[in-house]
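This structure is in structure tokens; I'll ask about it shortly.
As written, the chains take the letters A, B, C and D, and residue 1 is the first residue of each chain.
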Amino acid sequence: MNALRSADFHHPVRIYWEDTDAGGVVFYANYLKYFERARTEWLRHRGIDQSALRAQDGTVFVVAESNVRYLRPARLDDLLDVTVALIETGRASMAVEQVVWRGDERLVEAQVRIGCVDVATFKPRRMPTPLLPQVH
Amino acid sequence: MNALRSADFHHPVRIYWEDTDAGGVVFYANYLKYFERARTEWLRHRGIDQSALRAQDGTVFVVAESNVRYLRPARLDDLLDVTVALIETGRASMAVEQVVWRGDERLVEAQVRIGCVDVATFKPRRMPTPLLPQVH
Amino acid sequence: MNALRSADFHHPVRIYWEDTDAGGVVFYANYLKYFERARTEWLRHRGIDQSALRAQDGTVFVVAESNVRYLRPARLDDLLDVTVALIETGRASMAVEQVVWRGDERLVEAQVRIGCVDVATFKPRRMPTPLLPQVH
Amino acid sequence: MNALRSADFHHPVRIYWEDTDAGGVVFYANYLKYFERARTEWLRHRGIDQSALRAQDGTVFVVAESNVRYLRPARLDDLLDVTVALIETGRASMAVEQVVWRGDERLVEAQVRIGCVDVATFKPRRMPTPLLPQVH
């Protein structure tokens, strides 16, 4: 993969009842939903429409690895800020760094590796052009 | 539709952290998941494999209407019993009555209307034979 | 209950991968999440903070009944508009009418009855003042 | 932490519509639900009742870190086997290794670090006795 650092992309997430559990905090699996929402909005911002990509090319992104550290819990009604930063990009995969913030408190942080695959066979596919490594 | 009463089918559901919310009880939308799980097991028990139905016939079941009364809350670690009773059946739709029990306490009850449709067009499709109204 | 018609409140909901199922559409239980999100924002708009209500008064809202009709499916990337209209209000409960729109297509519609209860005992509690029936 | 290898614990998980997404496979965040279900059953098997632990001691388990590799996708109707193996245990935390199997196919694997905390303050708490490191 080719190292590449991009500016952080930001996506707001509000915490509702559905997100919390009987411990009074956000259930740990749900942060992966927020990371996915933020990545989708980041892709949309870069001109990549996943519905069209699937319908026209039969290409989807799949998560290959997620490494998450849960530092502090989020709670009902919190308004969070979820970031995306592209840290590596290859021909058929990429890696992003994502953080969940509540104001200036760092709540959850993750590295996520994502592959680009054929929706039917799950075989690797070339990444959409806006995500391919730049040749200088 | 043709009135038809069948014996209740039972499906056990355990409540985990994912099911609860910060109010300390099961989040109301989640009961619809348990109703769906019970219907799927009831269909499987009648020899209807939804994966095969979709792959071979392009037919899926869709919920047209759900009327739910939440009588008492379920909580973490509860072991519930979810029932299915077929109350009406037509050529392209059916209605079931479903109840969530905790021992002999009735927690949640629902009537659910379900249609049989083409997965691509969402046009009505004939119900699988084991669910069609019986002619006497 | 006291009949009372209020102007609709609107809340936007974007559909992500987490919301869809293998049928290619939004899973039916998830619309109840969107209805809850919209009600929470509607309460916030009326000055009712559910976190504070629970922490200070030990009062929470619970859904007593949800009657939902699923007219047309929502899909990945759809941007929906979810409405809330208060249709009845009593001393310890209320009823709202909610609709999910995609542009001018009516996708899902619901009537939801909500009670106000003590978080520990689930006994009825007086509704917060901004929701109480108006005396003329 | 004190290295300690235990025999694997097994927990079955059936895949329903709620678990899948429009890509036709299980949504990646949902595997963290299955891992949690399996850990809860493993704790129950060891005599640890999380509801009682919270009600009587105000103690809850929280996930501090989850490192997950998604090797192959699970699909609708799959019957999976989720394992738990305790790999490290300390006074206020532990680490487990978990795998999702479909027959002899390894689908998803994870290391999860879990802390034991006070439900109100989230300060570390001593682990329940059945999980404490053994002194030889």
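Definition applied: contacts are C-beta pairs under 8 Å (C-beta built on N, C-alpha and C of every residue); 3 or more make two chains touch, one makes a residue touch a chain.
The structure displayed is predicted, hence computed values, not measured ones.
Any chain that touches subunit A and also touches subunit D is listed here: B, C.
Among the remaining chains, the Cα-based centre furthest from that of subunit A is the centre of B. Centre-to-centre separation between subunit A and subunit B, using Cα means, comes to 33 Å.
Rounded to whole angstrom, the centroid-to-centroid distance between subunit B and subunit C, based on C-alpha atoms, equals 23 Å. Computed from the mean C-alpha positions, the centre of subunit B lies at a distance of 29 Å from the centre of subunit D. Annotation for subunit B: residues touching 2 or more other chains are 17-18, 22-25, 29, 33, 36, 75-76. Residues 14, 16-18, 33, 36-37, 40, 49-51, 75-77 of subunit A are the ones touching subunit C in the complex. On the subunit B side of its complex with subunit A, the touching residues are 17-18, 20-25, 27, 29, 75-76. Interface residues of subunit A, counted against subunit D in their complex, comprise 22-25, 28-30, 32-33, 36, 54, 60, 62-70, 72-73, 119, 122.
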